[in-house]
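We call the chains A, B and C, going by the order they appear; numbering starts again at 1 in every chain.
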Amino acid sequence: MSTTTRSRSATSPSTSGPVGTRRRRGGQAVFYVLLVFFALLYTYPFVIQLVTAFKTNPDATNNALSLVPDPVTTDAWVRLFDSDYPTWFLNSTIVTLCVTAGRVFFCSLAGYALARLRFTGRGALFTGLLAILAVPGIVLLIPKFLVLNYLGIYNTYPALFVPLMVDAAGIFIMKQFFETIPVSVEEAARIDGASVFRTFWSVVLPMARPALITITILSFQGSWNELGHFIIATNDPGLYTLTRGVAGFTTGGLGSGNQYPISMAAALLMTIPTALVFIVFQRYFTQGANAGAEKG
Amino acid sequence: MKRTPRLFAIAAIGSLTLTACGGSGFEDSGGGEAGDSEAPASAEGPAELTMLIASSGDAETEAVEEAAAEWAEESGNQVEVRVAADMNQELAQGFAGGNPPDIFYLDAAQLAQQASTGNLYAYEATDNDDFYPSLRETFTWDDTQWCAPKDFSTLALQINTAAWEEAGLTDEDIPTTYDELSSVAEQLTEGDQVGLVLSPGIDRAGVFVVGNGGWWLNDEGTEPTGTSEEVLAGLQYLQDNMAEGHVAYAGSVDAGWGGEAFGTGRAAMTIEGNWIRGAMSNDYPDVDYTVVEVPEGPAGPGTLLFSQCWGVAAASDAQAQAVELINHLTDPEQQMEFADAFGVMPSRQSVAGEYEEAYPEDAPFIAGGDYGHGPVNAPGMTPVVEDLNSQLEGITNADLQQVMESFDTNASSALDQ
Amino acid sequence: MSAGDPRRQQGAGWLFVTPAIVILGLFLVLPIGMALWVSLSDWAGRGSPFSGDVAFVGLDNYSALLAEPGLARQDLMLSFRNTFYYVVGVVPLQTVLALSLAVLLNNQFLKGRTFFRTAFYFPSVVSSVAISLLFLFLFAGGGAINNVLGWFGLNGPNWFQDPRGLIHLLGDGLGVWSTSSPPGWLTDPTVLGLSPWEWVAGPSVALSAIMLQVIWTTAGTFMLMFLAALQDLPTEVEEAAFVDGANKWQRFRNVTVPHLRPTILLVVTLGFIGTWQVFDQMYVMTQGGPAKTTLTPAYLSYQTAFDTGRWGQGAAIAFILFALIFALTTLQRWILRDKDEPRTSRFSRRRRRRRTTVQDETQTQAQTSGRLS
């Protein structure tokens, strides 16, 4: 989990030594050229996206690269807010909140049980969990549709978030983390006669903050960006999430013509919440991506 | 205390088995078998209808919503209009989930498939004979006309005025035969500009097949005729002209479809339907152009016709109300209102005169209604047609004989099932 | 009774895992069972798949896809071909790009590291739908990419409309063959419904554009993994190599890369699992076209069931894909394990432990990254 930056000694290779100064300068120049190139490669598309959202249709189609909308117009935004987009945004928000709350709670419960509680069948359950982890999510599209229908919840709100509320990977991450907490912590609580749930809730869980944040970020990102599940869980535009609704822009939802400004505006706006969460939790994102990699 | 967990475990497993046995989300709604004469299901009291449309834009959505609301108010029922992002998929999910929309746009190419699966309720709208015969034919499968044509569109030739004049061409030169088409296309090809640019695939290549008197299937839709002389001649014409460089697919001139190539000036001519008007005024308002009929092929005039009808679901429990609503929507007056709102061509012959008067520039499209050929209409053919489409997207390098042989093989096995 | 009481743990244990079991059971285990039945039936998507009208057809769906000549098999093979080129292109390139970015960022004199790291990582947290819309615009015929190519006098293709295969084009450019009349020895006979000419087409221009997008997007995640590993590189080792007079490249090859080996393996494995599942981009951008060159098994499965109503076949494709991914990852794990075996030095125990972690990790990451990318 740790991302400690080791402080390097003054004799670190590239600061001194037989390498000539000129060569080092040359190397530095190459280094900065490369860095700037990549930085442009990674930021420029988003700049174009922002600018295009304020262009007119013909301007966007004919001057794709220009950074100055001519004329500047907010037509795309007006149309976007007139469409079902606000509903989709709301749906995405509700679904993401439910999924995240569910995952944080259920995954830590199950992860704790698998890590610390001794009960019959624990070993079998863990094996089952590993088996489930090996199932590629994408092959479940048809199966999940069948089951949602079968249970009679197709085209309802619960169909959007209940199936996503537990995530095998989340259980796994929580289990791994709970195993690193010293048992002695719980023993103190046990001596006080606290119940299992109480011990878990008020003693162990608060110590698992880093893992909980990781799960929160992963499930926020996972459910905000999910597409496949939302395609098969509903066909009612009132229940569309952002990904599902906006994906429809390219398959005929907008009608004829290119309509780049509105699709850029839609894409931009759905990226903003991600960007906000990303900026606030930046440090933890790094950990999330490396979740568990340092353990073992 | 000791027992609770076990109870929980039992409850958990129990809920799994229970749902496994007793799930009832799939509604086995009866009725609607191919062409039966059952009385329509009628909702008791005011019905709540759902209508799924594939909209060309806000204008269409608003017009349809308005018309539906009008009827709802008069009849005391409720209608909810939904816009589909991906019509086929959303319909399929509706049918499989037992909750299809009561009324929906149904593409002619999908008719046989849906009718043969038992998803459609067959009905006739008021004054059925007033619809163009070619359209009624398009929505007929297994000797039953399944639904009322909503509107139609045909392909015509669009010519960029500036490019035309620049090449020194006049009204006299407007092509009326395939040879003339090739020759003006050649004259119009200069620099970046290609004479004739087409959207890729079967829906444009088919024009030349029809012009040569051919079609992918026989008239009954029972046997493939892909390797027939007429079909091959039509495709050969296209391939030859592409090889000579004055006809091209949109992809090779940096465009997504014919209209885009036409708008950006990479194409001097294109063959598109009446939907091109909206796209041109939207994205390329400064381009001047004229529309003429597609030139006649060796076998006479030929173009492609696309149409949708108002489908009613077999699983709907308010079929009677649905048909009433469709009667309102296909009413001549209402059809003209739709035409005004979003530029579609009415499916009733009785409105044709009024339409042509109001939109004289659309005459070439209307004319196509008389000789246009509808899409392939046989169950199970969707993947086969899609495959042919993808083959024809690469027509420049294709071995036509081989492509059509494989089409015939695939079509035969699909039609036999 | 306190929390330490084993009987209470027994009860609480089950209580704690119950929600997870119910949800995973209902939406993972049960669906797999139902889909297995559908893949063995002729259900056409109307009514319940368990009603009396639906017939058991045995392995018909599977044999249509794998054994019998016909459109179903041809499409599946096309999707395998496309995905093969996709995987072979994306996995190495995204690994190299991620490593390069990480090495750039690991330079200790770099000012504003946080900015660059954020910039490189950001695309991988953005929804694939939003990124796809952006790339549709960037790679449009008259779009930004082609404008930039124009500065260098290059005439960019119309990316998402171009079905020409890169290997075909390369051969054409080198004069090995002409794409307009492919050599006879490559057009006949067909293997599994496709001619050798079709098999060797390479990724189409359209697929390449999607590959570029995916490489651009996912490199950030992997960059973070490399960065974390690089920061763990013991300075002493680097210094020792430096004293030995090794130059930068030698130090990188002989010190850094071996140290990164577990991370590279992890990144490659994750890449494999992720790429075989590619679906979102096809759904949003190309719907399998042009000329089926962006058809992938995941999208084909979806399309077969939801668009053309052949549910049995669609479910069968999903199971075939599942089996394939499973076989490939097992195979890959086996190959990697084999290579590690000879090194039973004094580090063996530590290595083995490390390896298990990497494997467990691989699976966890596979799940999460499947959603991230």
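Everything below uses one rule, namely that a contact is a pair of C-beta atoms (placed from the backbone, for glycine too) under 8 Å apart; a residue touches a chain by one contact, two chains touch by 3 or more.
Just so it is clear, the model here is predicted, and its values are computed rather than measured.
K.L.:
Which pair, A-C or B-C, has more C-beta contacts?
P.N.:
A-C is joined by more C-beta pairs in contact.
K.L.:
Which chain's mean C-alpha position is the greatest distance from subunit A's?
P.N.:
Looking at centroid distances, B is the chain farthest away.
K.L.:
Measuring centre to centre with CA averages, how many angstrom lie between subunit A and subunit B?
P.N.:
39
K.L.:
Please compute the C-alpha centroid of subunit A, do the same for subunit C, then give the distance between them in whole Å.
P.N.:
Subunit A and subunit C have C-alpha centres separated by 18 Å.
K.L.:
How many angstrom lie between the CA centroids of subunit B and subunit C, rounded to a whole number?
P.N.:
Computed value for the inter-centroid distance: 35 Å.
K.L.:
For subunit A, what residues touch not just one other chain but two or more?
P.N.:
Subunit A, residues with two or more chain partners: 61-62, 145, 150-151, 231-232, 247, 249, 251, 258.
K.L.:
On subunit C, where are the residues touching two or more other chains?
P.N.:
Residue numbers touching two or more other chains: 8, 10-14, 21, 26, 30, 48-49, 140, 142, 305-306, 311.
K.L.:
What residues in subunit B touch two or more of the other chains?
P.N.:
Residues 19, 26, 89, 93, 96, 98, 256, 260, 264 of subunit B touch two or more partner chains.
K.L.:
For subunit A, which residues are in contact with subunit C within the complex?
P.N.:
So the residues of subunit A touching subunit C come out as 3-6, 8-9, 11-14, 17-18, 27, 31, 34-35, 38-39, 41-43, 45-46, 48-49, 52, 60-62, 64-65, 106-107, 109-110, 112-114, 117-122, 125, 130, 132-147, 150-151, 162-163, 165-169, 171-173, 186-187, 189-191, 193-200, 218, 221-222, 224-228, 231-232, 242-243, 246-247, 249-251, 258, 260, 263-264, 266-268, 270-271, 274-275, 278, 282, 285-286, 288-296.
K.L.:
Quick one: which bits of subunit A touch subunit B in the complex? Just the residue numbers, please.
P.N.:
57-58, 61-62, 79, 82, 145, 148-155, 231-232, 235-237, 245, 247-249, 251-259
K.L.:
Taking the complex as given, what residues does subunit C use to touch subunit B?
P.N.:
Counting only subunit C, the residues touching subunit B are 1, 7-8, 10-15, 18, 21-22, 25-26, 30, 44-51, 70-72, 74-75, 140-142, 146, 156-158, 160-163, 179-182, 187, 289-292, 304-311.
K.L.:
Inside the complex, what are the residues of subunit B that reach subunit A?
P.N.:
19, 23-26, 54-58, 60, 82-87, 89-90, 93-94, 96-99, 256, 259-260, 263-264, 275, 278-279, 282-286
K.L.:
How about subunit B: which of its residues touch subunit C in the complex?
P.N.:
Within the complex, subunit B contacts subunit C at residues 1-2, 4-6, 8-9, 12, 15-16, 19-20, 26-29, 88-89, 92-93, 95-96, 98, 113, 117-119, 200, 249-256, 260, 264, 382-384, 387, 390-391, 393-394, 396-397, 399, 409-410, 413-414.
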